[in-house]
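Structure in structure tokens, see below.
Labels A, B, C and D are assigned to the chains in the order they are written; within every chain, residues are numbered from 1.
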Amino acid sequence: MISFINDYCEGAAPEILKRLEETNYVKTVGYGLDEFCKSAEDKIRKACACPEAEVYFLTGGTQTNMVTIDALTKPYEGVVATVEGHVNTHEAGAIEYSGHKVLTLPSHDGKMHATDLKDLLVTYYGDANYEHMVAPGIVYISHPTELGTIYTKAELTALHEVCAEYKIPLFLDGARLGYGLMAEGTDVTLPDIAELTDVFYIGGTKVGALFGEALVFTKHNMPYRFNTMVKQHGAMVAKGRLLGLQFDTLFTDDLYFRISRNAIETAARLKKGLKEKGYTFFLDSPTNQIFVTVTNEKMKELEEKVIFSFWGAIDADHTVIRFVTSWATRMEDVEELITIL
Amino acid sequence: MISFINDYCEGAAPEILKRLEETNYVKTVGYGLDEFCKSAEDKIRKACACPEAEVYFLTGGTQTNMVTIDALTKPYEGVVATVEGHVNTHEAGAIEYSGHKVLTLPSHDGKMHATDLKDLLVTYYGDANYEHMVAPGIVYISHPTELGTIYTKAELTALHEVCAEYKIPLFLDGARLGYGLMAEGTDVTLPDIAELTDVFYIGGTKVGALFGEALVFTKHNMPYRFNTMVKQHGAMVAKGRLLGLQFDTLFTDDLYFRISRNAIETAARLKKGLKEKGYTFFLDSPTNQIFVTVTNEKMKELEEKVIFSFWGAIDADHTVIRFVTSWATRMEDVEELITIL
Amino acid sequence: MISFINDYCEGAAPEILKRLEETNYVKTVGYGLDEFCKSAEDKIRKACACPEAEVYFLTGGTQTNMVTIDALTKPYEGVVATVEGHVNTHEAGAIEYSGHKVLTLPSHDGKMHATDLKDLLVTYYGDANYEHMVAPGIVYISHPTELGTIYTKAELTALHEVCAEYKIPLFLDGARLGYGLMAEGTDVTLPDIAELTDVFYIGGTKVGALFGEALVFTKHNMPYRFNTMVKQHGAMVAKGRLLGLQFDTLFTDDLYFRISRNAIETAARLKKGLKEKGYTFFLDSPTNQIFVTVTNEKMKELEEKVIFSFWGAIDADHTVIRFVTSWATRMEDVEELITIL
Amino acid sequence: MISFINDYCEGAAPEILKRLEETNYVKTVGYGLDEFCKSAEDKIRKACACPEAEVYFLTGGTQTNMVTIDALTKPYEGVVATVEGHVNTHEAGAIEYSGHKVLTLPSHDGKMHATDLKDLLVTYYGDANYEHMVAPGIVYISHPTELGTIYTKAELTALHEVCAEYKIPLFLDGARLGYGLMAEGTDVTLPDIAELTDVFYIGGTKVGALFGEALVFTKHNMPYRFNTMVKQHGAMVAKGRLLGLQFDTLFTDDLYFRISRNAIETAARLKKGLKEKGYTFFLDSPTNQIFVTVTNEKMKELEEKVIFSFWGAIDADHTVIRFVTSWATRMEDVEELITIL
């Protein structure tokens, strides 16, 4: 049965497996101090056009969010996110486990509006009881968002300006960053993200790596003893080389961007097919997640032939379902899916 | 330059890389619910002769220790370990970060004595102020220990009996378990460990895997909602298949044991060579870590030709250094080292 | 200048000071094991008509909320509260500091609706991703609420039933409980609260004590080693006698209820006066907090003659201000305030 | 039966009760911003000869230790204390609950030696693995210690110098500070303590107050947003006036010192009596705790006539018992005790 269930149901870009094999008997030091990591860091700095960036490799998204937010905030500070932000919904309370409150703002198709953020800050600092309240200490957004939408450069700039005014770091979760950067019509580049955020990560797990996320501090702001804090969260990888090698490969000859484009192209073909067949989109997503509203009957019919995710009930008779493409999706599977639809 | 610095400076058993390649385009569900994980769990249960064992895959040692101890203890309980225990020394305070105190006992060449443990428990429960004190909630030992030593079956049984009497789980850190099980003269088998402990882990990172540890709950005692707690610690791996595949491979045709034996054999050859050349052992370790006391002059001389670790100063003129072999150590490198020595 | 700023700006009921003096040279054991505490516990059990209740004395509201929620939940569970709940707004993140998320529901004039609670639980348990989400582990309400409103017996019963169905404890914050129980028109008694909640506290700090809250576990559900967890939060009082003596006095001859009634009577007089003078109430509160919408001009004028709190801006020209009466408010001060108004 | 069990089994200095009564109907603002607190802070600054000191009132010892250590350390730092330090033994893991490890040093009759501290710091910073270890972030000592002993000025100065060299704050727990300052033969004054430590507290609970500890930051080093962190730990007192009033009274006309002296004088009389009767001291304590080694027979005999504490078994036949005097101990009770002995 063909599957469009998620972008982490795949293996890895074959270039990565090849290099793992080639380097298998090289002995390196541990904890990310090896040559593979150094080379990957250099390439990422170049790709970001940010020579002063500090790069740190971690293994997964929730872990990266938790460690970064905890390390960049004071104990009495919380993280501002939309109600749909991953940190507020699907991280099992990892942020609160590390002692911080998630201060929520409305979600606009997954995105945070700079005006909402500004309002929250004005209200907080204007409240006579602010000392009894959690201070907004960092702002969390995702790009693409949990709903596959993306920020425009103007929107990111507006958020950046509010953060800069209040001296609060802007943190961008890029678990699917490649798909955002390759999205049709986007005006946001990797150097833009490096410039407009204080810290962000380049997702590997969902974009061609076996696993791994490259966290990038863009403003000389990696916290002092970050390494120790990573270890304290149980997040340090002994064989850091594995992460370095993967990102080094992904950032060689634009591999990361090239494979990301495949997810966009296959998603575009699928969207075209859906439109032609008269399907209704729940949301207009320009990336690799496609949300469609179908009747429950239709949903059951499809379930026999294709694997997808159930997103949420709309009413008694209609449901939103999600198809996800990835760096590895084959165009022939998309054609087959369109035929089935 | 030949290196004997650590057992995590290597890649992975080639059988693992081969299977990664073969299965790269298989699509699986995430979070360890896939077929690779199920197969690996079955094989581990068989190897442990413990059909009711519950197996959970995690990525690293400190993470496994932290999550396990936190999940198995009440908030007011601490973990009992020797002063040299990894949880007490080299985990950057991960145990305390998760809210628990490490209650320390003396280290006897890295090992905990059952009589010391019993004394601690008798003293605690006999103290009129016990309600104002941290309760001993779990016992942590490592096998092999941080010093390469191993428990005898009698020693493990004695610890098991004290724990059973006080209804405290016994947790065994097996980051280097393969090397312990293959050590010359050991009378401890994997089924013994499954029987005598309540939870333990089979180390992969240092024993032939790219990364990964297989945590085994042996007494129907995996905590309720363990999965959620793992996620909450940022320790859940989206592509759980990677861990399943590696342990499935390691537990096929005894690969884990076969490659572990190589570390023991190369270490044995090295020890023989050292003895013949008149070197003094700091400690008699039957596994893959060899501790030798050398003059500082000798140490400097060696540093030019071989990579090893500095363990600690003995006096102004003498230092303990450590050589580590692994599943990947080549006998010819050992011979070269002996020649150099 | 007369003050209506808060109910914790007062000293204590004179009966308490008198008994402190009488018993000053009595020597007692510490930590709440003394005779004063035992006597107070007995009287509270009687007043609650709940002979099996377990009573524990703590010093303040935020502390009591934090310790109770932390002790009654598993690490992966959160507390359900309204967005206006004290635990969600004015506790500086104490709940998150102890590792738990506040899962929010809409506030209906400060109150939680049982239907909202039911919806949240149905949604949570119906979500395929529930293992990646914070589990609802306890329900927090306040009575009176932060806005001075109170639950009816039917509303409390409805909440109780949802909690019972899902086996989640219902926790009632009674920082101002006396004022709720003495509110005009209430059909809720102290025995009702003991029956319909699993744990609640009787506020002393705001109701006649120097300080102190009496936490009541009503269903044989005081957590094992609660004492140790209290100590671990830095919340244990060495001279527990001080708390016992105060509650023993407050629950002798209905003192707690008699002094609470004064707050209600003076508030009623003030409301009548405000109504006659044509003031607009922001909210209809039957207890000791009165919220009035005034023009900003009027507010400034009043500020010169009386101390009250600023609650929030309505629009550019109007503000909500709050007057609070207490057990100690003198009727002549109310009359003076009415004259000023 | 006469009691020498502890110094927190008493009420409060009558001067305090008197002022509570006199000021009972004064209305003040909350949270320590009132006039009583301000006056008390001024008096403490004067008594410390430290005009720039910042004073903050908290309710109990464990709470003060926990909040202070947590607020002054980074997440990856621990607190250095002796193995007998209160933070390491009788705080139910409050320090670890707040995420920090207690790094232990030997206890020399309860005291920490500057040389031991220096060794620990040299070792830590010289360890190649220091990034994987908990950093020493604050030093905790108590004066008097848990064993009633006191530091000399030279000893405090030596600790101060090591701390200054390593830029680590020195924190002195003064739960029984009055008794230390009034001890016979001491050369340490309150201004000395203010000069030689970075933060310390003046104990009220055990020295004449109903409850309360005055925390003093001596080097302009009260952490930013300390107030919010106190609230977050559930440690903020709404009616801060109660703490202010008590310390204002204790620091009026040297009351704190005068009542402390009573404990020393009664202890001195008791020690003389014990010596004359041939009792063996377990430890030479110059303050209000007296440790005596007795036969178990003798202990049982005494238990029928006087209340004291059991400290620990020496061997099968001998036990160390403890007598404690306080600000409230009457000389006639001491004489009666001596007669009994």
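The working rule: a contact is a pair of C-beta atoms (placed from the backbone, for glycine too) under 8 Å apart; a residue touches a chain by one contact, two chains touch by 3 or more.
Bear in mind the structure is a predicted one, so any value in this text is a computation, not a measurement.
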Common touching chains of subunit D and subunit C: A, B
Selected interface, B-D versus A-D, where C-beta contact pairs are more numerous: B-D
Far-end chain from subunit C, centres as C-alpha averages: B
Where subunit B and subunit D are represented by their mean Cα positions, the distance between them in whole Å: 42
Chain centre separation (subunit A, subunit D; CA means) in Å: 51
Residue list for subunit C, restricted to those that touch at least two other chains: 75-76, 91-93, 97, 99, 131-133, 228-229, 231-232
Contact footprint of subunit B on subunit D as seen in their complex: 75-76, 78, 89-93, 95-97, 99-102, 128-129, 131-134, 310
Subunit C-facing residues of subunit B, complex: 70-71, 74-76, 99, 131-133, 135, 224-225, 227-229, 231-232
Subunit C partner contacts - residues on subunit D that touch it in the complex: 3, 5-6, 8-12, 14, 17, 20-21, 23-30, 59-67, 91-94, 97, 205-206, 210-211, 228-229, 231-239, 242, 328
